[in-house]
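Two complexes are shown next, each including chain A; its partner changes from chain B in the first to chain C in the second.
== the complex of A and B ==
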């Protein structure tokens, strides 16, 4: 039998570009998992998440992050969170299932999404062209997360720092999404 | 041309000259000018021709209300018709031309219409073009269309770019005049997030046009100080050149920001941005619009609004005339005279229609209790005639008919303004859009001091609503200038036409005639005469028109009422509404994981929804799509083919009640699906009709993976989420889409297993015994890469679908081809996929079209009676279960060389084709390379009982009538031996 090798490619092929002071890059080293709370299993899952990563279950719209920054929990719904953590396992859901020991339902979402990080001062002026949400720090502080639509595409936006956001968009339409973000940056560049 | 009418002062930068062209003539102006002020400075009074009568027209106002001075701006594809010269910011090398004339502007051949005016009054078209009937389409309409309209489109694609955007604030202040600045200062000082938007390129509103003092300094200076303070606040966003054009539900306002219209080029940036502003509260400080008085020939170039004449002198350093006459019915008109005198401009006369006025002006003839009845002058006013017959030589007539508050946005949610006798104008009613307050002259507060105070007070009230603490700082102080008015609408005493609506050439006579002819409602008046229509929406004309209608009908103005204002406040280009959604960017594209591989291997792509899918892979020598598709089918059926089927929806289902949930979603049983097995499932709609089909695999006790059709992937997920949350919230079941997460390939054909055995890691037995038809499992391939394998078949061949994390998808396509080399594997596209499913008799979108039942599809017995599932009860409705119902069958042409057409209707031999004799229709057809002739699927009444019958496939649309034989839908391998091999 001949040896075949499968070489992975990311949806945006590692895009990384500077637009003035703003940097837009694809994040390729993160695993994304969804975690659903079993009906009536809130307490057990809270305990399991606490003992697995020392983190609180985030309320919808909020996120919690481990001190070492490695595990990031995003509250996306009443019974759903997303987990961002380093992609260090061929089946990222396996170790999570193991760690939670049946207290939650994990599904690998790593390849469902393309992940972009946008950093730099004044980036809100670019995002306000496509993001309908209020990203003012009073309304959307560091750690806030939301599902929304940008240019007809479903997206998840997380404020990861004062001047930093993580954007998740469907991997199949990642090219169109990147084009939308790039266009906004180009059109609002000074 | 020199700037013959330029005078001292004004907010223009005289150190810089801007060169521009009007009708090819080069002129100069300065930064700070509008096109209108620059034209006036150059002594250009005549700027266009009127809509109907082609009368010479000049600049009438100094703002967005302008009815007359519409020009074509720019040239080539960027040419924009009907641009108001009064709001066009002058830039270097600007080029404008006048509109609506044949021949030169000063001698318009269409001016003959003016001589025909007795025939062209209100209702002319309705009365004249009635007969002969046949003339309408061929003669009348083309002629009318040719002469209608003002400017001309370039008939080329718009070369500019447009964008959209979203803004959020606590308080949106609309308008940056005295009240708006005062409101923004108060709101800003409280710490609230404020957006201050103004349509002008310089904020200040009337502060820039008046000589009144604020806080002991010229109003202009106070405005500059206020703006400096506002710009220093992080919580305030100042938006100049931004028109708030509509008030929508939930505090949402539409705003158009003109980003580069004032620049010679846009530098590849959007020309305009259409903003959606989410506000918690809004303060409308839109000011007021001056209106005219109707009298004979009051439309000549040089006849202008008095406040505009004053603004040109004070703000732009331009005297619109050298001998100005003022006609007024209020105190405000007097200020035009005094301001002009202060600037050294000669005022020929001041005529006040009010009686009992004792005020005088040095060196100016003052007439009171009187008015003008006529004007004269070729292409511009040169004489005006008083009621008494006395003629006054004048080149500019400043008319002050009173100010109408700009209540437009208060009416966008059906609010009705109320009449205020004090200022003889409509003011905002009590039913404002939720969250909106009004301040300043938009609210009928007509003096500077009161506007400043009201702006602050209303803003403070607004921010207290939102829980902010209002700043104690007092409003700026200004005196309240005299503003008395006695309503006066039009002068009789002359046979000359008196204009009401300059843009639509509506005169007092038209309004009276319309009333006489029975168009008495104000809304009917508008439609019959066109009063208040077109680009200016009657901003200077509406109230005057209502007053004249009221007079004609013997009613009061409030009894007469007003037409409703709708968005947009001023015109918004369609390009701005479209934003980026043009051409390639009209919608997003979804690409399959193997897109790159397909692209470099000869794929032709087709859009299926948002997906781009490979339709076929052409090889050298193939002359058309059929060559490629036939080959792909043949190679697959003879050996093995590979197709990217990632677009099928994938839903990950987990939970203790997942199996029970699926049992309710699908009409067939799922509760007992064994681990490691896949089952075909059919979903019904609530009304019992077939909805979607697919397969679901049981990966573990509480974990299922569902596939849906590509087309319904989103709606199926949404409906299941609804069922989970709303129908059965007591079930433990959780859904998440993984469509994009897994690259999935169909590997089909007699050599499919052998091909896969080349990539599957040791230890995973995929032999027929270990992994039979409808098995599924998690495996690894290519040295440890996780994969899911499903033994399912859409083609009818021995087939698998193999899924890997999407990141490996492009590579896997190449690897499968490499591993299939020894079998001469072929990639195949959606066409071959379609041919094979038709050959096999599998239903797809054409058959699951929302009108068909499980029984029609031959799957009636799948609808389980042993359980309740969505749609199962209603599928038993008598209407869906009648004798002679349609059934899915196969059809083949009696003459095998004929190609079938989908859409043909079936007629029993011997019947005359009609709705009554219709026996069903052909849903899908394909040329079957396996059989060597065309095959079709279709619904035929009692079709399954009519095997072997020859009927007609009747297709009058394409002129075809083909004899076809009813056969089994399963053209290939009806016993299913291949897929179980």
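== the complex of A and C ==
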């Protein structure tokens, strides 16, 4: 046997930094899964999601979250759902498949995404410089989600609170994405 | 330019890739007697209107949907945005 061991590491190595009142940190304890609908199985999947987690299927642009925070469904488009849940299983798709009992196709996407959480008052001043969407609470309220791009990189943005956003970007270019967010925060943080 | 996506709301045109004339949806019947002529016209002949034009746009940096955008080529005014799926279904081309 080789005389070394492998240790898991996250795309941004657990980045965590304060910019004035705003905190930017990497989230490393969440699993990300895509959920696809079998052909003609919309009603069955909706029922399975309801009985498994007590959740509605989110409309495109909206998300729904279980009260215990253990499952978060993101509606990214027509028949396109992403699931965020605590990464507490070696194969995160296994318990989801079990819970849905074959009514949906769950695929683990955790390793291809880097997840950032940005919190604090005034953070919109930093995000509005790199995100093409209108992030005013009237246009993008708590629970709103969108797949878009920032600094030419594909990204998913979710408003998790009044002054809190989750950003997802490709793990392969996570460093460039972090640099874009950091630069914007450096320019705008009080 | 802003494209008002029917499902996702207003999105910047930079999120999209334009494919061209929406007539590409109307692929000819390959079993028709004059299929060769029809495919020649389908592949090579395009109207180039100065004014209202229907185009296929692909929401690549978004939900990957195909849209039919009705746009004025003189003013860039976008007057209508539909899901290409719905347009194709209305034309009896998809289940």
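In the analysis below, the second predicted complex is superposed on the first by the 185 of 190 C-alpha atoms of A that agree within 3 Å, B and C clash if a C-alpha of one lies under 4 Å from a C-alpha of the other, contacts with A are read in each partner's own complex, and residues count from 1 in each chain.
The rule is simple: contacts are C-beta pairs under 8 Å (C-beta built on N, C-alpha and C of every residue); 3 or more make two chains touch, one makes a residue touch a chain.
Quantities reported herein were computed from a predicted structural model and do not represent experimental measurements.
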Which superposed partner A:62 touches (first chain B, second chain C, both, neither): neither
First, second, both or neither for A:77, with chain B first and chain C second: second
Chain B versus chain C as contact partner of A:97, first or second or both or neither: neither
Touched partner set for A:176, first chain B, second chain C, both or neither: first
Touched partner set for A:111, first chain B, second chain C, both or neither: first
First (chain B), second (chain C), both or neither touched by A:136: first
Partner chain(s) touched by A:7 [first = chain B, second = chain C, both, neither]: first
Which of chain B and chain C A:25 touches, first, second, both or neither: neither
Between chain B and chain C, more extensive residue contact with chain A: B
Which superposed partner A:148 touches (first chain B, second chain C, both, neither): second
Chain B and chain C contact sites that coincide on chain A, given as residue numbers: 80, 132-134
Residue numbers on chain A that touch chain C, as the complex places them: 60-61, 76-78, 80, 132-134, 146-149, 154
Chain B-touching residues of chain A, taken from the complex the two chains share: 1-11, 34, 36, 38-40, 79-80, 90-91, 105, 107-113, 128-134, 136, 138-139, 151-153, 170-173, 175-177, 179-180, 183, 186-187
Complex contacts: residues of chain B adjacent to chain A: 161, 163-168, 193, 268-270, 273, 276, 278, 580, 585, 587-592, 596, 610-611, 646, 652, 654-656, 702, 730-732, 734, 736-742, 757-759, 781-786, 804-808, 810-812, 815, 818-819
Residues on chain C engaged by chain A in the complex (per definition of touch): 7-12, 14-15, 61-65, 83
